[in-house]
Structure formats: structure tokens, C-alpha cells
Amino acid sequence: MTDTQPLLQVKNLTHHFKTNPPLVDLLLRRAPRFIKVLNGIDLHLERGETLGVVGESGCGKSTLARCLVGLYPPQGGEILFDNQNVSHKTRAEQRDYNRRVQMMFQDPYSSLNPRMTVGQVLHEALSVHKMRPEAEIPDRIDELLDLVSLPRDAAGKLPHEFSGGQRQRVAIARALSVEPEILIADELVSALDVSVQAQVVNLLLDLQDRLGLTILFVAHDLRLVRHVSHRVAVIYLGSIVEIGASDSVFSSPVHPYSRALLNAAPSIDPDHKTSIPPLSGELPSPMNIPPGCAFHGRCPHATEICRQEKPLLKKFEGHGEIACHHAATLA
Amino acid sequence: MTDASLARKKRFSFFKRLQGLQPGFIAGLTILGFSLILATFPAFFAPYDPNVFDFTALQSPPTALHLFGTDNLGRDTLSRVIWAYSVNMQMAFLATIFSLITGVLVGAVVGYYRGVADIIFGRCVDAIITFPFLVLVIAVVAVLGPGLINMYIAITLVGWVYYARLMRAEIMAQMANDYASAGKVMGYSDSRIIFRHLLPNAITPVIVYWMTDMALAILLGSSLGYLGLGAQPPEAEWGVLIAEGRNFITTAWWLSLMPGIAIVITGFGFSLVGDGIADLLRPRG
Amino acid sequence: MSSITYLLSRLLQMIPTFILVMVIIFLLVRLLPGDPAIAMADAKATEAQLEALRQRLGLNEPLWTQFFYFVRNVLTGDLGQSILLKAPVATVILERLPVTVFLTLYAVLFSLLIAGPLAAIAALNKNQRADIIIRGLFQVGLSTPVFYIGLLLLTFLAAFLRWFPVGGYGQTFWQHMYHLLLPALTVALYTSAIIMRNLRSSIIEVIDAEYVQFARAKGLSEGLILRRHVLRNALVSTVTLLGLSIGNLMSGTLVTETVFAVPGVGRLMLDAIFARDYPLIQGLTLTFAVLVSLVFLLTDMIQSWLDPRLRPS
Amino acid sequence: VERGGTLTFARYDDSTLIDPIYADRNPDIWMVSNLYDTLLRTEADGKTVVPGLASSYSLSSDGLELKMTLREGIRFSDGSDIEAQDVIFSLERARNPDLGPWAGLLGSIESVTANDRDITITLKNPDPTIILMLATFNTAIVSKDAFDTASGTTDQEKAQALSISAPVGSGPFVLKDHQRGASMNFVANRHYWRQGEDGQPLPYLDAIDFLVIPDDATRILKLQAGEVDAAEFIPFARVAELKADSNINMELFPSTRIIYSPINTREKTADGEDNILASKEARQALNYATNKEALIQLILHGAGKPMTSGLMASTTQLATGTEPLYKYDLEKAKALAAKAGIKPGTEISLTTLAGSADDAIIFTALQQMWSQIGIKLSVEQVDGATRGAKNRSGEFDIHTYGWVNDVNDPAQVAGWLGYYPTRKAVGTDWNNAEFNSLYEASNKETNLEKRAEQYAKMQTLYAEEAPLIFMYETPFAVALGNAVKGYVQTPLGSNEFSSTWIEQ
Amino acid sequence: MRHYSSDPATGAGQTQNGAAATDPESANPPGLLEVRNLSMSFGHGQSSLLAIDKVSFAVKPGEILGLVGESGSGKSITLRSILGLTKRYGQVEGEILWKKQDLNTLTNRALQKIRGREIAMIFQEPMSSLNPLLTVGLQITENLKAHTKLDRTERKKKAIELLDLVGIPSAAARLGDYPHQFSGGMRQRVMIAIALASEPELLLADEPTTALDVTIQQQILDLILALSREMGMSVIMVTHDLGVAAQTCDRIAVMYGGRLVEVGPVRNILRNPRHPYSIGLLRSVPENVPPRSELYSLPGIPPGLGNRPSGCCFAPRCLAATPRCSEEKPDLLQTSEKVALACFNPQNFLSGNSQ
């Protein structure tokens, strides 16, 4: 890891979805209800690193990813790219930002226009951003296909003629066509079979090494996150509860939630039974986030302070940053 | 690979699909094909001038001379039915095409941007669909006066809403797919995303609806003709022909039966083609 | 939110729609060409008589004043005086409305009776002969103009075979049933084709749904599965369609009432338009709009009764 | 004759308010005589005046005073006596210009007074039409008492209330029930004074059920199915067929109905161009080029005749001429066209009624006929109201129109068709000083012969000037079941059920 | 060695191999369920697609059998075919011996008595497997009504008990709720409750935890394990997560392209798989490999239903394939007392010579 300025910095990012209030509510002047998806996310991405993001379903991982590429207009907090605030941008600036910060989506089926051939998809990307003069575009398309290990005749095919893994490669090729610096990969491989997953992950790691990409890797599969990430962030109900070097978070998680989460992943060793009892209770609704530490309802270590005060991320020696009142004792 | 060869590739797969067509679709295409030919060259196929009175053959039943018989003025029913093809096919197209275009554009934009435009649109739609279609069309025809052109205007004024509603819903459904988001992330302009990416994928049900709507337009146009609000006599139009013939339904059954059959067959053709297109355009995979 | 407040909020939501509806109606009627005074008066009337008439009708007032009066009157239930029938519009409509409502309900009943079983048969024999025949027949039904079906039924079943009366309405309930049978059938044929198409595909969709498979896996009997898990679910989307078709149905009654000489509001509408009877056109269009809105509301209610996901949380 | 029974009658349109002074549409006017009787009556020919509720009448020699005696023992349908006060009330009501549209027809009346059953009408000036007016629907006698007690403040409200809740009439029938737009029910007035052939009071029928069936074909189907006893307004195309039906008695009653087409005679058309039709020769050319016999064949299937009088139907009094006007003559037409300067390809538009099958035929036929003299006829299809507005504003070349007399006197139709002040001579803007003065004089001329002369002159003048395309006269076509006897529709259109009976 | 499958080359039917398979007890303990040569194809005649091809296996009382394999390999179809749910969609052949009767030959009516009563099933997708229009209570009790003689109140009581059992808080209050008012995990638990309603002897669990988060997944797996242990219930557990299989199953059957390729005790399969596909599957799991190192991945993609090769389905992707592999389908044969394998060239995972 480098010790220069981080490439991307996220400060206290919040994002709340407003629910559609019924008319009666409007008339009775009831306060609108919000789904509080992101509640103050702080993180940074160093050039060339992979940051893994894990958390339960619905904790806001995808929302974070979408906020980062500007799919959701910023609500609270800041996103700094190369020390520049990326919010309040003009369309041209937004376009340039997107060229440099690209995203790939979970669903290989839906992230490609079913009516455009791979060639057309890449051609469009290259010509809209004027990445190459018109005449050089066909060559560049071939190059890109080579880069993601797709046969060249793939250019003439429609997405439905590919397998899931190949489709994800097409999506990767599309993202790479504009030569971005950051790739946001939201559940890039979740929809794929294990063996295909491995192919795509290999490709991603290889590209990162070759092109010096910075990657935000969101995934369900903890083993995979551990495998690809330099650092890992654990999110619970829209807040980061623990973030740190992949090794340390996985081998010795501190936050009770990280512990439960990481330990719940079943090992493929039949004799390696987990010792930590599963979490009890359900994930609270993001419309109604408990006060204090959002995790206190399910936490075996919760005390009075957890119910009162929201813990902040704090650096712990030998670990990463942890947002827990009892981190010192648990660490 | 060049664009041309890409295009060729694409068309090739389209033809490949054509091979596995349903017999119903082929039947529908055949019906519509014939209808179009008759509509384009009515003078070629019609044995007589559709409007000339023939006092020697008043209300003649079908004979070799007059295959579909003649009406009470001695006009040849076959010729009138054939000439009506051009009116009715034109009706099917003109009464719907502007609705289609407007509806698609409005629906796409509203579905894409949502927000205030969508709310206003929603209210308008609510208000308009609160009227029975025919009631509103008749009211508009009453405002503009009877006649084909006014009928087209009336149908368009009301009809675009249905297209827009469908288009809006489809666009919103397509927006749920990540390729729309991907387009935004790729930094594409809104118009490119709407018209290059979303529209081609969202249009299928609209096109299918268009087919049924063309059949409906013929039915509606005939109904209006029948009520005296659509095509005006002596113009040969199926609804008008039926209206003219209905006085003689017991004595000269061919007058209303023949145009009736023409309507049913043509409508059938449109429906079959609509179903077929739905099949054809459904993306595989 | 209780169902009362839900109903209330639905009704509230109808307010903006209705304001728009009134604007549309008002403008539409004002846009009718030809001086309504000329339309109302006899051809022999002199200019002075015409002017007096305009004065009486308030046609000389500014547009917005007229609109204000219009809204005020509508709110107080006063729809004006019909020019054509020389009677209060509200009275006339109330006299005729039951006929149309009767006809419409009758047609809905027929549509369901025809479409329901046939859709089930078609869906259960998907792509087999029964299905193809049923679909073909309904396709023909969809391609046939309502007035033509009516004409054929009228000529053959009523005039020729004399099984049914030639048009009219009758006096008692059973006479209504008898007289309106053919008109209702006429309207229903078209609607049932739409419903049957929809119902068939929903049944097909539902019959392969995971929860139906799951019901099978539970070991329930096929009959129970069909009734409880398939039909009920398939009906949900059909109810919406039925609600949306109500406009269609009413359009159908408009034509059918003319063909069968049924004295309902549909025919009145045509008469009113031909006679340029402003107040009557206004009143009728408004009535149609209210009726359709109520039907929409009703379908919403039925739907949320059928489908708990649509109920207010 | 046989008594009793209920007649079921299929009508093309419903009545709205059957009141002598408010009836302004034909379906209302044509029913008045069944509910209200007039002081005088005309015989079936529509011309000969006979006593009605008044047993006798006499006009003073200066023509300014009309005396009548009210019949004894006559009663309204509620059993109350018909008295002089009712007559005064009815006539005052009829001539009050603030009420009904027909008051102008009684403009000559100065006052109406009564002494017991003797009634005196004083006139401002001699009026040749006054006798006939007292046999016309608008002077029919209503019950003053009933009006006084009826609810409502204005006269019209009272009339409406009466017709709905407690109809009281002087005619052979009483309105019993009215389902607007659907059906209407008359029952016999048991207090009616006229006697039938059997010496018993009229009417023969117990009741009449009217069904409103606007659709021609359905009306006929109902008759054929035996669901109704009679159906009016049979399309002429079907007359032959129904004549051939042995179960049906197809009647063609002589009428005052004429079909004609006003021609715009203004110097300039509405868009400011020179109007070729301003020339008399052009109009004559069109008239000669119109084959009326062919039109009659096409539209009436022979059941009519060409107009013989420029002003009126042959059934109207004082109509002259037995020969068809402008008998089809292409040569004359061509010559006149040349004279008028009609060049080949001259465009003229015919404004027709949208949805009217007859108009469509007329257009197609005229298009074919007039092309012979080089005219390109185009069609403009509008609805009735627009046609009326265009007629008033002059935005037309030629349009189709029709007429039926409401009054037995020719003054009404002559005033309508030719007298400029009435309505610019049906909107043609034809303004002929000689015609106008003749018309005015005739309206005060009590000498029948002189009046006939004036009318003859007017008719010649009008025919010569040809502000119309003179087309044809049509009868009223009513189809009756074989059992229905004695029904008449008068030339004015009035449906007379008083002597109708049903063979059991 | 025991023949479980017919010889595809001769196309011989059940008679020949039925005889060969008559006596499986000698190698295996008595099975509660024995599936022999189960094949299922979608559609009829020419255009039919073979989804599973001569699948044979047995489940012992109280045993948890894991069924793993790539998506589309036919795991769900196998389970559904056992209950006769796939007959509507095509052809089902082979024997499904349940307590000595062949379920495949039973009438629908007879099957109804076994479905949900003796053999229960949990479906893959909790979101769409409950009827959205009916209350959860009704969906539990209709099961009880069909299979028990309990009356209304007893059924309700039982339903509450069941919901309690699967850990749904305040169960009594939630009987009247509709599925959409439950989260995915809770719906999955409701399905389990329904499946357990009549205390089945065999539970077919089709990926009971895919839709769930790891934290909830563990709760559910623990529940199934506990029930199996307490009630002696056998389970066939479909999963594509080898971790889940490792933690819950006694034996594992690996499926590829509609066929079983390897069956054996969990430790054998996970520690020493022999079939090249099983090996590949296991190796591509990023566990116990250095971070960011290249993961093992099988080349190529799984064949679709329509274009399965004529020989061994895995041959095109198999590094150890020989010409024979692409011509002949290997049968599933017992290679040891506990393990059956369908491969002409078994590999050894431990020695790593599958590369």
C-alpha cells in the first residue's frame, strides 16, 4: 500500500430513501418516513488496493456502491476523488468522473442490454468517450476481448448467447474500455457457479495487477472477499462497524457482529465446526434503526451505553478501525 | 468486425427465428399481406366503380357478375368492400400511429425521469381513463365534427394515453435492470439511454399492443361509421357499409355480411400478427 | 391504517382527478362547434330569440364564470336543464341510469360466466385442441365489432327465431332480464374475450407457480389446489382487467343500446351529442366518469380483499 | 268498427313536452291533437274547416271579429267542464310572445272575450289565416283550473308539472305514463265529446303504448315480430318489401314534406370570392341538371314526386302547378351553364348532414349529374347544428334541407322559403322586393281569390328565380299491422289516433 | 462393485438392469428411499430434453444426504421427481422405491397420501413458494387438514407449536399474517414448519438457505440438524455451497449434467474426491489458499440442457478425458464400500494429479 493521498475518500456518507407517503399522511402532516440505508460511512480507497465490503443483505452495500458512482445523487457527506469533491457536478464533469470510476453489477443477465451485441456495447463506450478515433475502434474492441479472455467472434453475439461468466467478462470489458482508475464491483460473481466464480475472480486479480486498478469489491461470499481484498469493511445497518486489513479482520475480528458474521460461514472442512453460537433475532428494519449502537439488540455483549450512544470508528492497535464501545475488551 | 457485418449477423439471427414461426403468425401475416395489397390497389381488384349506381341491378344477390351482390342503389358490394380496405387499413394505421409515437415518447420520458412530470402525467391518465374510451372519442368527434380526419384526431387525443401508460410501465420495469444503470455509469447521456438502450427493450409490448390497437381502431372506426360519426357515406367503409346494409339484413343479407366478414378477418389478422410479434420479439436467453 | 382511512384516502385521491375531469368536460363541451343556442332553438327562431336564449343559458358570461357556475352547480347536484328533453339533467340521468347499470352488471355477469370456465378449460388443456378452438373463437369475438354482433343476434335470435324480444327494456325485473339478455350477451362477448385471454394466461402462469408446486408437495388434492391456490390467484389480475374493461363495457353499451333500442344513458349520450344538448352531454360525461371511478375504487377494494399485499400496511 | 284494445306504436323519437304552446319539435307537435282539442278542426284533407270544441263560428264582414259558440256539455279529461275561461286562458297563453315559440302566428289578435259560452276574438287587422289557426295545435284548449293548481311558478314549469303528475286534457286521450326516451302511455279520455261511427264517444281504443325505437331497422323488426302494431318513419327503401308482406299494411300518407336544397345567392361567398351561384342562370342550370325522377327512384324508391311548386308541397293550400319544376333537361342546363359562365371544373360544395344515408345518396347522385355541366361537386359533411349555423351565417354553397308545415295555411312555408325578413329566405339571402310585398299583402288579404292570385304570382316568381334546388315531396310512410284500422297521419304530420281501432 | 445404471450403449431398459439392481442391500444398509435409474425429460417425443439421466441413490433412516453440483445440473428436478411433481412437464422413468412401493407407478391420488405426510419438501425459493394470498396459518393448517384427523382448534394449536419450533417469535399472533409480512428468512422457516407439520420421515430440502444471510443460514441448518437427530428424520439436502454440505451432511452426492458423478460419505468426498468434477469444484473454493493467488477454475462452461455431449458430460472440460470419455457415458459404480463413482479415469485429489 502506498502512503500517498487516498484515491477516493468517503466522509460521513448518508443516504436515506423516502417512502411514498399516503395522501392521508400528507394531509395530517405526518412526518415522511425514511429508509435509512447509509448512516455515515467513512472509508477511503488507496490507489491499487482492493477494499472488500461485507455485510448482511440489506445493510446498504449496493447503495454505497451506487452512491460512489453517482447513481444516487449525494445526500449527506462527501465523496472526494483525487481530493476533489465529486458532488454537485455538471453533466460533463459527472461523465468524466464516471469514465474514471466504473461500476460492475451483480446480475450478469440484466447489466447488459439484451439487444446490443458485445461489439456494439464496446463500440458505444469507446466512441461516446472518444477513447479512440473511429478507425481504431474495431482493433481496440479485439484488444479488450483478448484482455478479458473472450474469443474475438464474441463481438457479434448478443448477451443471451453467452454464459453467465462470459457475460460478466463482457461487463468487465465494457468497464475497462473507458480505462477507469477505480472499479466498483457489486456482487460481481454472486450469481455465478463456484467454478465460474473462480474464473472471473482470477481475471479481476490479473487485471488489477496489470492495469493497476483500484477495486471496491462487494460480495456475500466471505471466503471470496478474504481472498481478493487487501482490506475489508464490515457494514451493519448502513454503518461500518469494522474496517481493517483483510488478514486481521478475518483471523481475529473484534466487533461482535464481525465475529458472528465471519464465524457463521461454514467451513468446507466437515470437522471444523464453529464454536460461536449463531446470532439470534432478525436484522432491524432500516426504517426504524435502534438508537445507540444499531447492533445492541442482537449483541451478546451489549450494555447500557450501547443502548444510548452510537459508537464511532476507532483505530485499535493490531486491528483496524472498530466501532464498538467494548472493542477494547474484545480485542 | 465492422458495423455492417454486425448488422448482417443480427439480421441473420432474425431470419433464423423466422423459420420457427407459429402457423398462426404466418396465417396472420398472410391475411394482413392480402389486406395491404387490396388496400393499396383497390382499383385493380375491384371489378366496378364503388360509387356508380346501376339501375339494372338493384339489390341483386350474389351472382357471377356481382360476386357479393349489389346494394339498393345497384353499387357492387365486392367493389365497395375492396375499396373499403384502403379506408379501413388507412384507419388502422393513421388512427394509431400518432398515438403510438406520442405515447412512446411521453411514456419513455416520464418513465425515465419520474418526478413531477410523472405525477402530472398520472393525474391526466387517471382523468382520461375515467371516461369510457368511446364516450370520450365520440365527444371529441362531436367537437371536431364527424369525418375520418377528425376521427383520427379524436382517437389520437385519447389513445396516446394508453400507449404512454404502457410505455411508462415498461420503461420503469426495464430501469430495474442494471443495464440502464450501467449506461449511466458509462456516462451516457439520458437521451442515449432512453432511446438507444431502454426503448428497444421496452417497446415490444407496445408494438404488440399496437397490433391489437390497429384491430381495435378498425372496430372503433367502424362503430363510429356505423353511428354516423366516422367515415361518411358514400365513402365505402366497412362500418358504413354495414350500417347501410342493416336495413336489408333480412332481404339482402350480403350487404352487411360481406363487410362484416372483412372486418372479422382483418381484425383476426392483426391479432394473430400481434401474438406472433410478441413471440418473435421476446428476447431469448 | 384501517380500511376506513384507506377508503378515505382513496376518495381523497379522486379529488384532483375529478377536478381535471370537470375541466376536461367543461372545455370539451364549450369547444363544441355551433352555437348551442342555434342548436336548441328551432330553425325558425329569430336573432332576438336566439340572443334571449343565450342570455338565459349564460353563454354570454366569461368562460371562467361559466366554469365556476358549472362546478358550483355540479357540487349542489344541479346539472342543469336538458335542452333536448326539457327536463332536469339529473332527473333524466337518474331515470335512465338504472337501465345502463343493469345492462352493465348483466354483461359483467355474462362475461364471467362465459370467460371463467372456458379460460380454465383452455388453460388446463394448454396448446391442445380445446385450447386452440376456444382461443380461435375468442379471437374472432375480439375482431368483431359490437354493433355487428348485436345486429346478428337481433336479426336471427330475436326477429327470425323470435326467441327474444326485439329490443326494449320491459317493466319488471324478469322482463328486464329477458329483454336485456341479448344486449348483455352482445356486450359480454367482447369483454369475455378479453377476460378469457387474460384469465387463461394467468391460470397458466399460476398453475406452474412455485407455491402451487409447493401445495402439491404438501399432498393437497388437485381440486383444492385448483380452487384455493390457482383460481384465486389468477383472479387477482383479472379483477383489475375487469375494472379497466368497465370503460370498454360502457362503450359497448353505448353502441348496444342504440342497436337494441334500450333506453339507457348510452343511447342518451348519442342523442345528446347529435342534439348539441350541452347540459346533458356534460351531465352524462360526468356520470360516466363517476361511475368508472367508482368501479375502479371497487376493483381496488376487491383486489385488496383478494390480495393482501395490496392492503395498506 | 270494434272498440277496445291497446295499440302499440313504435316511434322514431320520443316526445318531451306535449303542450300546445311549448311543443316545438315534430314528435311533440304531432301528438298534441291526441291530448288537446282545438276550437275548430280540419277534415282529413287538412283544408276544410269544421267545428270542433266550438259548435259554430262566424267572421264579420270586415274580417275583424270572429264569433264562436262553445259546445255544451264538453269536459276535460278530469271530468270538469270546458268553459269560456279555459278558452280565454288558452288563447291568451298561445299568443303571449313571452311563452311559446308560436305566438307570432296569432299576432293579429287584439283581444279574446267571452260572454257565457259565446266567445269573441277581435283582430287588429284582417287575417286570412285566423280560422285555420284556431284549428291548429297551438290554439288547443287547456284547463285553466289545472294550470292554476299545478305546482311551479312559471307557466313552463306548470306545464311540465301537469304533464308529469296530473295531466288534464281536452283531447281523445290522456297521458298516463311517460318513461322518457323509452315509452309513453296514453289512455282513452272517457269524457271526450266526439262520437264514433257506432254512436259512442271516441276514441275506440282503450290505450296506446308508444315505444321509442330510433333505429329504423329495429322498428321494422319489431313490427315484423309482431311486438308492435305500427311503426312510423319507414325508410322508403323498405316500403316495397313491407308492401309485399301480407301481414303488414304499408301506408303512405300524403304530406306537406318537401326536400330541397337552399342555394347561397350572396354576391360573395363566405371567404370573399365571387359567388357563381349569385346568377339566376347558374341556379336554373343546376335545377335543370338535376334529375329529380332519378333521385326519387334512388331515395324514395318511387314513393314520392318532384316538387311542382316552388314554395310548397302540392298538399298545401294554394299550391299551384301540376308539372314538375325544372324537369330534367341536360341541354337547357348546359346552355344556361354556359350563359352563367360556369366553366368546366367549377367547384361547388354540397353541405350534407353527417350520417344521413339519404344525403349521401343525394350527394353521389348530384355529383354524377352535375358533372355533365362541368361542375365538380365536393361534399362537406356536418351535423345538424352546424348546418343550421352555416345556414344562418351563409358559409355554404348549397345544402340539403327539408320542411313540413306546422300550420294548414301556406303563409308559413312561403314566409320561410321566400320572405326575406323571416330568415333571409332560408338563409339563401335571396331578397326580392316584389316577392316580399306580395307576401306582406297576402297576409292581410281576406279575399280568397285575390290571395290565391298573389300566391300564384309568388310561386312563379320563386320558381323562376330558383333560390333552391327543387327536389321532391315525400309521403309519410307508416307500416301498420293488418288489424290496425282508421289510423291517419295528416299532411302536417299529426298522428291521429282518435278514430283508430283494432280488429280483434 | 455394483451396477446402478443401465448400459447406455445398448439402451437397455429396466428389465436387464432392474435385475442387476434388485439386490442392493448387500452393499448398502436397507434404504428408506431407493431411487433407481431415475430419468426425467421435459416435453415429449423428439424435442424432449433430458434433465436428469438415470440417477440412482439411496437414503438411510436418519441420514442426511447432500446433493451438490452446478446450477442447472438437475438437483431440484431430482427432488421434485421423487414426489412426482415433474410428471406434468414430461416423462419420468425409473423406480422410486419408498417403503417397498414404487412412487413412480402410484396414482396421483395415492401419491397425495405420501406427499407432505411421509415425504415433505422445502422449496428453493422462499419468496415464491408460499401463496401470497393466503395466511400463513391457513397454509400450515391445510396441510394438517389433509393428513391428520385433528379438528380446527387442534390444528391451530399445532400450527402455533410448529411456528414456535422454527423460532418465529409470538407465533400465535402471526398465524393471521400473510407471507409478504415476513422476511425471507422467516418465510423459509415457515416453509420448514409446513414441511415438518406431519412429522415426515424424509425431508427433501432444496437449498433451504440460499436466500439467506450467513447468520440466519446457520440458524436454519442447526434447526434441520436438530430435527433430524431428534426425530430420526432423513434429509436430502440440496446445496451448491460445499461449506453447508460439509457442516450438515452425512453423505454427499455430486451431480453434473443431470447425472450423479460421485456419491459417498462427506469426508471422503470433501477430503479425497476422485471424480475430476468433484475435484475441480472443491479446488475452486477459495479456502486454504494464499490470498490473491490464482484460484483453481474448471475450464469451459457447463453444457446446457439441449447440448449435452453424448459421452461423459464432463469430458469437454475434463483435463483427464480420454477418447472413450466422449463416446461412452460412465456408469456410477461402487469403487469402495462407501463411495460410488462415475468416471473412467478417477483422479486423486490429494496427489494433485488432476492438473
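Should a chain be cited, it is by its letter among A, B, C, D and E, assigned in written order, with residues numbered from 1 in that chain.
One rule holds in what follows: contacts are C-beta pairs under 8 Å (C-beta built on N, C-alpha and C of every residue); 3 or more make two chains touch, one makes a residue touch a chain.
These are the chains along with the protein names UniProt gives them: A = Glutathione import ATP-binding protein GsiA; B, C = ABC transporter permease; E = ABC transporter ATP-binding protein.
For clarity, every value in this text was computed on a predicted model and none was experimentally measured.
Colleague: B-D versus A-E: which has more C-beta pairs touching?
Modeller: So, comparing the two chain pairs, more contacts are at A-E.
Colleague: Sort the other chains by how far their Cα centres are from that of chain A and give me the top one.
Modeller: The chain lying farthest from chain A is D.
Colleague: So what's the Cα centroid distance for chain B and chain E, whole Å?
Modeller: 52
Colleague: With chain centres defined as C-alpha means, what is the inter-centre distance between chain A and chain D in Å?
Modeller: The computed centroid separation for chain A versus chain D comes out at 88 Å.
Colleague: Please tell me the distance, in whole Å, between the geometric centres of chain C and chain D computed from their C-alpha atoms.
Modeller: Their C-alpha centroids are separated by 40 Å.
Colleague: Could you check chain E for residues that touch two or more other chains and list them?
Modeller: Nothing qualifies.
Colleague: Among the residues of chain D, which ones contact at least 2 other chains?
Modeller: Within chain D, residues 221, 224, 383, 386 contact more than one other chain.
Colleague: Listing for chain C: what residues touch at least two other chains?
Modeller: Residues 33, 155, 159, 258.
Colleague: Across the complex, what residues on chain B touch chain C?
Modeller: 123-124, 126-136, 138-140, 142-145, 212, 215, 219, 222-223, 226-227, 239, 242, 246, 249-250, 256, 260, 263-268, 270-272
Colleague: Which part of chain D faces chain C closely enough to touch in the complex?
Modeller: 16-17, 22, 24, 101, 160, 179-183, 211-215, 218-219, 221-222, 224-225, 227, 383-386, 388-389, 391-392, 416, 422-423
Colleague: Hey, which residues of chain E end up touching chain A in the complex?
Modeller: That would be residues 70-71, 183-186, 213-219, 221-222, 240-244, 246-247, 266-267, 270, 280-282, 284-287, 289, 291-292, 294-298, 301-302 of chain E.
Colleague: Spell out the residues on chain C that touch chain D in their complex, using ranges where they run on.
Modeller: Residue positions touching the partner: 33-36, 38-39, 41-46, 49, 84-87, 92, 95-96, 99, 154-155, 158-159, 162, 165-169, 258-261, 263, 267-268, 271, 274-276.
Colleague: Where on chain D does chain B make contact in their complex?
Modeller: Chain D reaches chain B through residues 216-217, 220-221, 224, 235, 237-238, 241, 297-298, 301, 354-357, 360-361, 363-365, 368, 379, 381-383, 386.
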